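After this come two complexes, each holding chain A, first together with chain B and then together with chain C.
Showing the complex of A and B:
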């Protein structure tokens, strides 16, 4: 096989980063944003006194957490066109782009994990605070918006960011849909140029550097928050 | 919506000529369980070793084990799978690489997946073990020393037996994660449950039936793992300690 060919990496770096990594980061950021919102709503449902709401949310979260992400990716890849077709009454499945399909999948899947984090965050706020809010005449949404959620988010920031790093790594699984995320781009080059060793080692190194640096930052942030409290 | 449901498809013969599609899926479950159990053995052995060494108070050894954990935690599982499958045979000594390539593909992917998942999970178990050891009061190991036990004996007879009991709940979720993560082996061609469902879907075009069956089978495996771990937990519980014996 000859020596380790750095030239291939240098030559293809613009493609790997501008196309591949850009896709991965965009998918990570957008699905984190979506999943945090949906996860928070699910957490509020799970903690609701309405048995139906908490039951539905609990069943959804447990189902998502019991299944492998790859299976979920396949489910939604085929299901989303039918759902979209049904919503806009097209009468036939609507073709959805690979990125949109992946984005919807990751939001719906990761929301279950973010829900559990936010549930712990909401439960970490003493009950008396919500009670005080109601006594001041605030309604449920106001109590959540002004009292509970700001503190819950603040307390859970390290965990939310850690979960985001997990999500960043999980996005590599869109490989099964043949999308061009960072790993997909590296795989394309690897197959085209027959440089499997170089490409996969390089991909691993990039993923490692980003995840490791991010997790160090989260740890630093955790320490600062701990002191402030 | 124009989707043709056909739940009888599971009784149709599959194109590999070995039986029905239902049998294809069941065989997928066997592969999933086989990979998971074999990887679990590696993960426990390596995880306990690394976790213990991280509390050894030998500077360079602790750093080395910390590096091991960080390495496996910060590279996506799929990339690790590709490294083991595509890169390892090239990097290993020529003769070993050739021997791997000459293996029956079903078994070479199986063992690749086992090693990959085993080491990936071991890094996570090592963290649990370390946390479990540190969660015990310092008096435990001091008492062991006072009784004349050596450090290895203190680990063997005092610290580790309690650690395993303390970390049973997180170990259960690691076991569940392992079963789920084994689906990544499908990307290197192992026909475990997700792969079996995917191939059934490609042959029959009965998308939702295939994935629904895989979903139900995964749920059954999950429940079985939880029940098994709960049984072990109950069996191991030390009377008078913590709320484990519920």
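Showing the complex of A and C:
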């Protein structure tokens, strides 16, 4: 095999980044967006005085957090076609494609974690804030949308971004669905060219750089974001 | 305009309001006072349903507050409320604080809401600060903005829940001045406060509460002028408050 072959990396970089990393980033960003929305709704349910709503949300969050992610990935990969088929009454499983399946899985799974972050965020806003909103005649949804959630998001941005970095790393698990994310692409080259060391070291370096740079950014943001009260 | 009839409220087995009855007529200024923990803040918050109550009835212009069929947001939009801790929205500029509910609740156009906001900031002497954020203002300024925010909804009555007790002493008067002006203009006001100077100056009636019950409900002159006719608790309270 000889020495460390940088040339393999240079040669395959366009493939690794344009196909692999693009997929990873797309999955990360879309999953985060979906999971933040779903997680916020779950958090509002969990904090609801309606026992049914908070019970359902609580059970969902606890279930998702008690199962290994990879199990859920398998689960949804095999189940989603049936569910979609049932919803649109196709009478047979519908092929939804690996990406859609993975996206739905990550949204549903990560929503449980984002729910807990948003719950803490909502609870960090003094109750008087909501009270002031209600006193002005705003309804529950308006109080949430204009008063509580903007402040909660702002307070929780560092944690939300940190969770997103975790999600970025977790997306590599889609290899079990034979999807070509960044790690999958690196693995393909490694196997094809017999350059396992180069590819896995390079993949590790890229994951590290992105995650580390992102977490440094979060740290900087954290210092600047605090709302003056 | 605001009528309390035998209002009772419990936290678990602890009764915080005991059959409270009183009323506030249009244009009247009623000061509610009493030792801390006597239920005065709780009582004022039941008036716009920020605090639920279990028994009795509260009517505002004939509309029952406790009735599940009542459109609470609509009712609340007609009653201004000022809080002890201001509760300005820290993520919005002063102007946006004033305009938000005008636009979202009353359906005013943004320009119209801003116009009204500007006029009210002028009135409380803070037009120079309309683009600042609440955190950049002093306590007294924040509370004046909060009063302007409530007035921007053109309320028929105003509720004040200890509006000066979180303020540094030197800022109390700038807030009281605004409230005195409001009272003189004929605003219907229910004010929970320990500021007996304010009560003497503008109150029509004084309600004294102790341990969740309304102990005294009489005119200002009777309350301050005839101490011999007051209950022991009210006399003790007054002697403590007025002696300094």
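Going forward, the second predicted complex is superposed on the first by the 224 of 229 C-alpha atoms of A that agree within 3 Å, B and C clash if a C-alpha of one lies under 4 Å from a C-alpha of the other, contacts with A are read in each partner's own complex, and residues count from 1 in each chain.
Here is the rule we go by: contacts are C-beta pairs under 8 Å (C-beta built on N, C-alpha and C of every residue); 3 or more make two chains touch, one makes a residue touch a chain.
Please read these numbers as outputs of a predicted model, since none were measured by experiment.
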{"item": "First (chain B), second (chain C), both or neither touched by A:10", "value": "neither"}
{"item": "First (chain B), second (chain C), both or neither touched by A:68", "value": "first"}
{"item": "Partner chain in contact with A:131 - chain B first, chain C second, else both or neither", "value": "second"}
{"item": "Contacts of A:52 with chain B and chain C, given as first, second, both or neither", "value": "neither"}
{"item": "Chain B versus chain C as contact partner of A:154, first or second or both or neither", "value": "second"}
{"item": "Contacts of A:142 with chain B and chain C, given as first, second, both or neither", "value": "second"}
{"item": "Chain A - residues contacting chain B, complex", "value": "1, 63, 66-71, 74-75, 78-79, 82, 85-86, 91-93, 169-170, 172-173, 175-176, 183, 187, 190, 196-197, 200-201, 203-204, 207-208, 211-212, 215"}
{"item": "Complex contact set, residues of chain A against chain C", "value": "126, 128-129, 131-139, 142, 146-147, 150-151, 154, 227-229"}
{"item": "For the chain B and chain A complex, residues of the former touching the latter", "value": "1-3, 70-71, 73-80, 82-83, 86-87, 90-91, 176, 179-184, 186-187, 194, 197-198, 201, 207-208, 211, 214-215, 218-219, 222"}
{"item": "Chain A partner contacts - residues on chain C that touch it in the complex", "value": "48, 50, 72-81, 83, 85, 87-91, 100-101, 104-106, 133-136, 149-150, 153"}
